[in-house]
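One chain, chain A, appears in both complexes that follow, with chain B as partner in the first and chain C in the second.
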Partner chain A sequence: MRNRHSFVFYPLVAYAIVVIAPFLWIAGTAFKRQIDILQGKIIFTPVLSNFRQLFDSREATFLNDLYNSSVIAVSSTALVLVIATAAAFTLQRLSMPKWFINVIFLWVLIFYMLPPITFIGAWFIMADYIGLFNTRFAVILGHTTINLPLGLWLMATFINEIPKELLEAARVDGCNNRQIFSKVIVPLVKPGLISTGVIVFIFSWNDFLVALTLTTKATQTVPVSIATFAQEYEIRYGAMAAGSFISTIPALVLLLIGQKYIVKGLLAGAVK
Partner chain B sequence: MSEIILKKIRKSFGKVEVLKEIDLEIRDTEMIVLVGPSGCGKSTLLRIIAGLEEATAGEVIINNTNVADKNPKDRNIAMVFQTYALYPHMTVYQNISFALKMSKVPVSTVDEKVRAAAEMLGLSNLMDRYPRQLSGGQRQRVAMGRALVRDPVAFLFDEPLSNLDAKLRVQMRSEIRLLHQKLKATSIFVTHDQVEAMTMADRIVVMNNGIIEQIGKPLEIYNKPKNSFVAGFIGSPTMNLLPGHMIDRRFKLENGNHIDLDKVNPDWNNKQGIFGIRPEDLVIVSDQEASETETLEVKVKVVEHTGLETLIYGDFGRTEMCLLTKSNEKIKSGDIIRVKVNPDKVHFFED
Partner chain C sequence: MLKLNRILKAIFSEKYRWHLLSLSPLIAFLFIFTLLPISNVVLMSFFNVEWSHGASVWEFVGFSNYKDLPGNRFYIPGIINTIIFAVIAVIFQMIIGFFLALMVSKITRGRVIFITVFLLPILIPPIVIGSIWKLMYGFDFGVINQITALFGIFPKDWLGSKELALMSVIIVDIWHWTPFVFLLLLAGIESLPEDVYEAATVDGVSQWNQVKHITLPLLMSTLIVTMIFRIVVAFKVFDEIYLLTSGGPGTATEVLSFSIYRTFFNEDRVGMGSAMSIGALFLVSILTVMAILLSRRRTEWKNA
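Here is the complex of A and B:
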């Protein structure tokens, strides 16, 4: 087996090392004292001081940051899923004119390719102007906007896989469009919702740029918070590592739960 | 009481006209079969009746009401799809009861009706299964059950048997027929299989290129096809259709051969057209008989035995002909046989 696939196996091992090694290094760093980190010690006595610094110290905001991140990621994911699924259903299955569908998808694609940094400045001014600056809601809106194209593309692919006859059968059975959506489409597209949800959640959870621009200390998310450990006179490597280590946990758990759906989600449309 | 009348139905997809002025009356309790080659518009017509497709022009009148602008859900029509279209996330029970639930029938009535329908179709012990756990035939039955529970004004069947294997298809054919006799519900059945049409229909509607070629009882259509298309489409093996010219009692084929008949309908005299003989109306005669009557000489090419009958393909001059006789082992490829045309059974089409 290994022989036959060695041309796949060894590159994969190499890739796994490239991915895992820095993570293990960060995880290790999270348990080192600052002095051990600076000395580059490989053998060390693990301590929890970094974590204590995150959660227990007087100026600690990390719990609050985790809360912000969770609220923002969950809300924006939910928004993306609701809007994307309804929009994909409308575009793919309610006999919209072809040109309209194409224009929407092309626009979505273009928007997806634009780097967020090109409009983040404008968002800052807009949020400030309407009083949304430094609110979680602003970040939720931002993440929803950024992730919606991806969500729409993915959900459109999943909905496209549902045979048209099923919807016609439902129509003959007495459903209106709303009932078709809730009783046939949503239950059938559940794997798609899970995979899209996990992907969007992780994107939102990892986002730095939008959160950095639209929040201050009270509403900042974990990635922003971690960045603040690098200050002018001191870089708190230990705290940074501990924060990063903790912040990977939700994503890791979600990935493990939704693994089989995610692979399906990323591959959907590849062979069809 | 449910009667469906189609008035001047037209349908175009872009520039392509798939239905050209269809007029059809479907009587109460009747089983109508729409039959025709693929692309003839039969499925489109069915979908227009169901409300899944909107007619470009014309009226669909169900029980004296024009429903052309109504949604499928307001037409109270049940449909069995070619692919069955079972809801994969619902059990057999949920699939069958779905339509009743949508129309807010009380739960106890739903249960009663679903059990009755399942009983009728032999699905009672499969109620908790999901479609993916069923065989093709069972899925087909669930699709039927979904239609049966509803007490609709009409049942529409869109080639429901074409995904079954041959044996099951024959079985389901007679089961649907039996169900229809029991329920006496107006039914419209679409198929491209003329055997299905012949065996199931009260009346057959033969369609081609978006028009109705002929409407009639199965045997009426078989014995008196209106034109060469119907003649060639209905009947297996296919009717021999030979283009040519009728002069007195002699039919001159386009390729130079001719067929002499003992007697001929005087209306056909001196007309250009297509001469049609069903394979079973060509009778092999002995040499002795041949001297007393007009016969054709056919050189046998292929002999097919089906057990009960023998099918013979041969050349009559340069024209290929097919004839059907009772099982006959004597005839071999390469033989020359003499064939008599039954003059009462010949057809002549002027199209």
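Here is the complex of A and C:
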């Protein structure tokens, strides 16, 4: 323990409280009765009525929303991983023309920077035109597209870390490109796949705008559902808090078990 | 023509089968879901699109949508608010993030715990962040008014008053994104050569002067790139605003994304919404190209 650094310790603890306190506040609110919420009570008797409202009441859709969110997040993550890894390998390691690589990466970067609302109107019209509006499939395609740039970027970075000599050795041993990909690249880039997968999953789970514009009640995701609690004439604070509480659980769990992978992914995606 | 034929033949030959197989999904996605829609937005911005009986009717109007942009009630205030929002939020994020990174780089115990805690806001759904702050900002029962009351300050309508609303959503954004800046700057600080600091310490340079004369200059390019990147991404802000204020009161928290959303989806003015989008695309592209040019020196991802 280096004591001379304890002077930085207290500001850090203070900031940690600034981060955690709002979470505790909403977690507490999730267990309050409406009357306790509206009186701003700090001391209260915890009840489960908000959660019961989410799952048990007649017009409750939350279980269905959770199902939609899970299916969409898992599918789009799988799609991003497959498409991005295969393409990143070919672009980075199979001596493609340089202009081609540059065009792809530049376009992907620009697309990543654009506010999604600028093209989501066009997505809505497309989805409506081909009859995909209000389907989970439309949202899966949307999330895959939005997360592909990051996925491609991350996988390119991770594949770059694999020494070229290994690929040459495999080629000398008679492997073709497909075999090099499945037997050398994929096993070696597994930590990178986990990083990318975790981050894309979280981003897809968290998305609000795509799901808001491409779905209605039957196919809506959890964030859309939470927003409706806040938009109704009489705001349902209890349900909003309980839904928020549940929807943060995946991120919390992933952060606790996979912090290393998340940090690696966030850094590789942005530092370049 | 002959040459093209040869190229096509080569691409579809056995030798390039893998190339074709591995790249075509990416190209298909980029073409169908990015290039095509954005071209369609360009096209629609020259039309007046009406919905009648479930079908759309297009009427060519030339540049009139663009001519109407400056007079639109929400567009210009939206752009101004977005710029104010982005610049103020990012300045605070940079300052707080820098000092947090500096402090975490100095400690030896509890690093992982601090990093884990600090990352929380960037990993939870933004709509949840909106919910959290909607609860805390509440006028009658919000915890923020309860705390300020302890200091003898009268309760304020944080989200409902014209003077405070924009500041309130900026605070939310600072809370949301400071951790991201922190993480990037921490990585930047830890990649700086350690011997420079050792030499400075031997020469008796104080900690603060080391930060001022070594860390800051060495970190400058990282700081600039992080800042531009954050400003560009701040233009995407939508979810929290949607939940907290929906752009109100009046146009106090109207941001670019929300104006476009409202025009396109609530008012069904597809042509106008498209013209607004093109304006936004233009603005963001300029910023992005600036960021790329500034970071080019540090970038070596191509064919490493």
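Keep this in mind: the second predicted complex is superposed on the first by the 250 of 272 C-alpha atoms of A that agree within 3 Å, B and C clash if a C-alpha of one lies under 4 Å from a C-alpha of the other, contacts with A are read in each partner's own complex, and residues count from 1 in each chain.
Keep in mind that, in the parts below, a residue touches a chain if its C-beta (ideal position, glycine included) is under 8 Å from a C-beta of that chain, and two chains touch if they have at least 3 such contacts.
Not measured: the values here are computed from a predicted model.
Visitor: Give one word, clash or fit, describing how chain B and chain C relate on chain A after superposing.
Guide: Pair status: fit.
Visitor: In the overlay, answer first, second, both or neither for which of chain B and chain C A:Asn176 touches.
Guide: In the superposition, A:Asn176 contacts both chain B and chain C.
Visitor: With both complexes superposed on chain A, which partner does A:Val184 reach: first (chain B), second (chain C), both or neither?
Guide: A:Val184: touches chain B, not chain C.
Visitor: So in the superposed three-chain picture, is A:Ile125 touching just chain B, just chain C, both, or none of them (first/second/both/neither)?
Guide: Once the two structures are laid over each other on A, A:Ile125 reaches chain C alone.
Visitor: Using the touch definition from the top, say if A:Ala241 reaches chain B (first), chain C (second), both or neither.
Guide: In the superposition, A:Ala241 touches chain C alone.
Visitor: Who contacts more of chain A, chain B or chain C?
Guide: Touching more of chain A: C.
Visitor: Put down the vertex angle at chain A formed with chain B and chain C, C-alpha centres only, nearest 10°.
Guide: Rounded to the nearest ten degrees, it is 90.
Visitor: Now for A:Pro163: first (chain B), second (chain C), both, or neither, which partner does it touch?
Guide: first
Visitor: Between chain B and chain C, what is the shortest CA distance in the superposition, whole Å?
Guide: 9
Visitor: Name the residues of chain A shared by its contacts with chain B and its contacts with chain C.
Guide: In chain A, residues 176 are touched by chain B and also by chain C.
Visitor: Within their complex, state which residues of chain C touch chain A.
Guide: It comes out as residues 18-19, 21-23, 25-26, 29-30, 33-38, 40-41, 44, 56, 96, 99-100, 102-104, 106-110, 112, 114-128, 130-136, 138, 140-143, 146, 175, 179-180, 183-184, 187-188, 222, 226, 229, 232-233, 235-236, 238-239, 242-243, 256-257, 260-261, 264-265, 270, 273-274, 277-278, 280-281, 284-285, 287-288, 292, 299, 301-304.
Visitor: Using the touch rule from the top, collect the residues of chain A that touch chain C in their complex.
Guide: So the residues of chain A touching chain C come out as 1-2, 5, 8-9, 11-12, 15-16, 18-20, 22-23, 25-26, 29, 37-40, 42, 82-84, 86-87, 89-92, 94, 96, 98, 101-102, 104-111, 113-119, 121-126, 141-142, 144-145, 148, 152, 156-157, 160, 176-178, 181, 202, 205-206, 208-209, 213, 222-223, 226-227, 230-231, 235, 237, 240-241, 243-244, 247-248, 251-252, 254-256, 259, 262-263, 266-267, 270-272.
Visitor: Which of the residues in chain A come into contact with chain B in the complex?
Guide: 163, 165-166, 168-176, 179, 183-184, 187-188
Visitor: Give every residue of chain B touching chain A within the complex, in rising order.
Guide: So the residues of chain B in touch with chain A come to 50-52, 71-73, 77-79, 81-83, 85-89, 98-99, 102-103, 146.
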